[in-house]
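Below are two complexes that have chain A in common, paired first with chain B and then with chain C.
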Partner chain A sequence: MADPVNGNARRAESVDIYAPQWRNFLFVAPYLFIFAAFLVFPLFWGIWLSFHKADTFSSGPFIGFGNYARLFRDGIFLQSIWNTFYFVFLTVPALALIGLFLALCLNRQTRSAAVLRTLFFSSSVLSVTIVTLIWRIVYIPDMGLLSMIYGFFGAKAPAFLSDPDIAMIGIAIATIWWCIGLPMMLFLSALQQIPQDIYEAAALDNANRWQTLRSITLPSIKRTFVLVVIIQIVFQFQLFGQAWLMTKGGPNNLTKPIVLYIYNTAFQRWDIGLGAAASEILFLLILVAAMAQFLLTRRKADA
Partner chain B sequence: MTASIDIKNVTKRFGSLTVLDELSLSIPANEFVVFLGPSGCGKSTLLRMIAGLESVDSGEILINGERIDNQPPGQRGVAMVFQSYALYPHMTVGDNMAFGLKNISVERSVIDARIAEAARMLEIGHLLDRKPGQLSGGQRQRVAIGRAVVKEPKAFLFDEPLSNLDAALRTRTRIELAQLHQRLKSTMIFVTHDQIEAMTLADRIVVMNNRKIEQIGAPMEIYNRPATRFVAGFVGAPAMNFLPVKIRVEDGLVTAATDAGLCIKTAIPSEGLAAGDYELGLRSEHVRITPPTGDAAEGVVDVLERLGERTLVYVRLNDGQQIVGSDSGDSRVSVGDRVGLAFEGAKAHLFDATGKAWHGRESGHG
Partner chain C sequence: MTLRKLFLATISAATVMMASPSFAATELQVQRFFGACDADFGKNTDVSKAVGECGIITSLINKFAADNPDIKVNVTTVEWPGYDQLTAQFASGDAPDIVTIHESALSDYQSKGLLLPLDDLLKTVGVTPDQFTGAAKEGATKDGKIYGLPIDNWTMLYHINMDLFKQAGLVNADGTPMLPKSPEEVLAQAEQFKQKTGKPYFVQNLANETALFTRNLYTYLFQQNSDFFADPKKVKFNTPEAKKVVEMYKAIYDKDYTTKNLDYAGAINAFLAGEGGVQLNGTWVVGDYNAQSEKPGTALNKGGYAVYPYPQLFSGAKAQYADGHTWAVSKKDRSPEQTAAIGKFLKFFADNDFEWSRTGHLPAYKAVIDSAKFKALPHRDTISAVATLGKPLPSQVQRQFAIQDIVGEEMSAAISGQKPVDKALADMESRVNELLANL
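Presenting the complex of A and B:
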């Protein structure tokens, strides 16, 4: 349509139903506000705090990397980093492999498989308090479930909560029991995405069960495997509740993870600046893991 | 390598639903057989039972006289091309073709030689290092066929392999499949609901409907002497015209008459025909368009389909019955015209109330 005022023979714009419209912004505004107020702002405030000497009542002078320098001279912090990595090493591969194994076993249309799927997932809905309560009852010396089982064979149960060598393993076992539902479900949904006709083609191609697993199933869920590993790395890096409730970080700080260190430093010793600096270190560690997920899952053509 | 396939009294049920009922069929070595039928007639199920992807509830399946319905799919020595191709998405084309041979520990040099030969034959040599996701539909189709060829199977099973291709590619692939059969001289079973694929590819067509085989025969035999009303209506496009008629006998041959007074002399012998209601079947090419006749064989043009070499004319008779006739490609008829119809009664078929067909002596010769 020509513009009669300017005399321009400009064509009227055709309707583009995908054109951006500002009023649509209203729909995201509530979330955007919360996102900015409770995530973006604290993130930058935390970074700011980590460069200052701060306690509960005041944020003191700017001290540059002073807090970070203190952290890396603090043997307990270094111990907590090591503890966290050790815990991630104990839990993540186990969660991925056991989750995959359960999914492979339970990926069938039978009633018993459905019941077992529900059962294995049900632990995921429990709160960490309940989980640690259950496992303390299992581990508790002399009268716990483990002691009873060992006692039945005339043996003494390992002291999962007090032996420095195995305390972290005790926490890891409880965590795996608690967290196994999600990896299993992710693997199950990946397995169900594999077209049935590929398996039929493999059967006609003389593939036995092992060859089918190795050449058809595992390559088809490769991306989900990476996803599960990275989600669990990000999640398990943030270990707190189980360690706090089961061992309080002991014995001798051997089960104290970074988050517990942050809690102790910032909210028990009220050294907020140091706690903020430790938080930034954890943030960086998790960021690296999250970036790895982003980069690996983006390579879709590879899958 | 090639083999005969015998299917003896095979029955298949899914729960309480019987999909194949006491079905028997013999396929000699080297034959190209097409299972033709509408959706849900059990043709794919039968193919999958031969492949070993479905169990057999009762009956036997034999390849070269050896019973195979109790063997796992891989050991039956058959290769299958799936409708969706079912290529392994994470393997290269070469690995896709090699997989079945590696699994039975064929020597690498033999595998390579067979892949090279199949790739040459199917012109997919330049694709061997690609993955299925990087191929077009037609290329995937060739790879799927190549994967079957390298196995040198006793029989090839095709499950509607052309239905995912566009029209032009489908025609081309059809011709290539016919050539492949001539070159390999292997037993091939091909499942389709497309009668053109069936007519052009098959040595013999097995028309299936509703749990059983309606007719087995060479394509032109199926076309010219359909055994039942179902086959007559299913094979051929446009579908055969059916007219409800009463019959009487003149000189030992049947003359059919409609209630509206239309009379058609046929070449069908009256022997064995009881009195009663029948349906007369005539294909569109045996109904010519003429100037208006002024009798019962006259009607109004409803729809015209110009196919180029001929024109299909849908004529509504005075009694409301629609008849498809054919006229020359440059027919001047237009919609709404009154036209006459000339029925080639010698080519007519008669179907009794049970659907059984009766043919004239001539109709077997085109």
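Presenting the complex of A and C:
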């Protein structure tokens, strides 16, 4: 630690490097500019648009909550909110539990564990286009991998892309396959931070593996678990690419998430005002999740 | 010193950049759908060797570029129909110079003043609207002006596997396929087909599809004289006529007279593999399917390939839903050289419309449609009738692609049993009207 008071006493001519200097603003200016131009400004512009009748090429009169009223009368919008929650419910617990399971299995210093860690993480580097392409090849009826496997046993493969009961599950499976890398890595880093001496103490107490897991490992990574769950909730709420590329939101809008609804209204129907209003609703939903993360993690830190 | 060097370097770089356009070729940004097939036709300039929409359009543009070394054509291929992208490009002021737009979508962009009226430009290169066919002229004209160079008119067709039709006993004495004349006959013939061949009568792409459903509905509403778009701002779908159509397709679905769960590419593969009798697909595959039928060992080569307009199932107008493709030009500040290059490009496509009509589309030019060369193309004797049968939606109806998605979604829900037919039609009507009321 520097000591500005003593430093000033010894060398009166030296500059206080901690004093506020306007030119230091230059260091943060590029970030602030981008933050303001691409986040703050669009945020307020979006709110402004949501209160106006506007299309892609012109904006019309102020209509108050008119767009919001239209949204909540629109069965498809309500369906898309439900779809989004259903998708989050399908993916987030699975990602957290499978991620934890993989991390527990692969948290060792062997070569095969290192190879498997890389393998399980490798799907995360793919773009959504590649991921959906791969899974379409798996799901596609009559020619896909799944129908080949089912065909081998003389059975008919489930139509993951078009059956109303399982289309969302199909998208969730592809998403879990795609996103499993990050939760696994977060859990691995948490596991590696648990001090080895606790395990040694447990071993001296003759604790078996199950007791060690329940009483030492799991409590030690509780905060990471909450972090993984909330990161994934925020991320999976924004489902778009997989649904658009695999099912286009069908059948009968059962896989249409909120972001795809926004895309449909704003960019295909040119109804920017309504799309902006739907975006604000999504913003509020994600805000709630983010606030929950903030509150939960703060409470743990205090404890 | 270094500062001076930097200054000089900047000046010289700027000079080079400013000077270069005068040496370089005129650039044209062309954006199109019709797919990508660079592996097969990326370098081909012999248009007569190309087959299918993608092959022919790629070869035509290659040929144009080869014939005009002073014009550099930059082609962007977009996924069909590409309007989400185009709208975003227009909104950000970055639209391509020339772009494929359906006649049914022209008015969306024209009504916002985004497209260049082409009458004057076309006149300078000797293309006049009286050279267009009636349907092409009507489709390309908005508010009395031409807003796209029409290159074709298209519609949906019955693509028939004659081998399976023969097995099913659905062939007339003269060797032509026996086609239904009423909704009841559709079901009866489909049942007979299923009994005799063990395969579904129809090959349809029903998975996450909207366009096919919508075109089927429009066609059979036209044939019942249902004026569902009498008011272009308010549609009537909740009608007995619409119910009849949806119930017919629902019966086809319920009785397994159709393939299910196939997407567009899957349906084409299934038809070419001989997995059903009739594929409902557009004019654009006629060229490809005919080429397949000439290849020994294919399912279409076995008993032949035939193609017909949709059968007349109702007693009203003889009509079926049709649309057309055009090249539209964005409104932009351009140099005279650029405008002239666009004129040349459009003229080239007007002159080569015969090559494009080999896809299966109907030509947009009287001279081509009346030519012996066109009539001599395979199957044109059976499908040329769509020139008089084809009927678009009223041109004032906006957002026809967004409407198509709504109609298709609701029809799909009704046909697959996710929604009662009445509820689907009521939802279809109210959703489309909500969209149109908020334009």
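A few notes on this one:
Definition applied: the second predicted complex is superposed on the first by the 277 of 303 C-alpha atoms of A that agree within 3 Å, B and C clash if a C-alpha of one lies under 4 Å from a C-alpha of the other, contacts with A are read in each partner's own complex, and residues count from 1 in each chain.
What we mean here is this: contacts are C-beta pairs under 8 Å (C-beta built on N, C-alpha and C of every residue); 3 or more make two chains touch, one makes a residue touch a chain.
Just so you know, these numbers come straight off a predicted model, no measurement behind them.
Aligning the two structures on chain A places chain B and chain C next to each other without any clash. Once chain A of one complex is fitted onto chain A of the other, the partner contacts of A:204 are limited to chain B, with no touch recorded for chain C. In the superposed model, A:214 lies in contact with neither chain B nor chain C.
Looking at the shared chain after the overlay, A:195 reaches chain B, while chain C stays out of its contact range. Residue contacts after overlaying the shared chain place A:267 against chain C, while chain B stays out of touching range. Applying the stated contact rule after C-alpha superposition, one finds that A:108 touches neither chain B nor chain C.
By the document's definition of touching, of the two partners only chain C reaches A:253; chain B does not.
Seen from the Cα centre of chain A, chain B and chain C lie 150° apart once the structures are superposed, a value rounded to the nearest 10.
Measuring only between alpha carbons, the smallest separation of chain B from chain C in this overlay is 51 Å.
Taken in their complex, chain C has these residues touching chain A: 83-84, 87-88, 90-91, 108, 112, 114, 206-208, 260-263, 266, 269-270, 399, 401-402, 405, 409, 412-413, 416, 418-419, 427, 431, 434-435, 438-439.
The touching residues of chain A, counted against chain B in their complex, run 195, 197-198, 200-208, 211, 215-216, 219-220, 222, 301, 303. Those residues of chain B lying in contact with chain A across their complex are 51-53, 72-75, 78-80, 82, 84, 86-91, 99-100, 103-104, 133, 147, 151. Contact residues on chain A toward chain C in their complex (touch as defined above): 53, 55-58, 70, 74-76, 140-143, 159, 161-164, 247-248, 250-253, 263-264, 267-271, 274.
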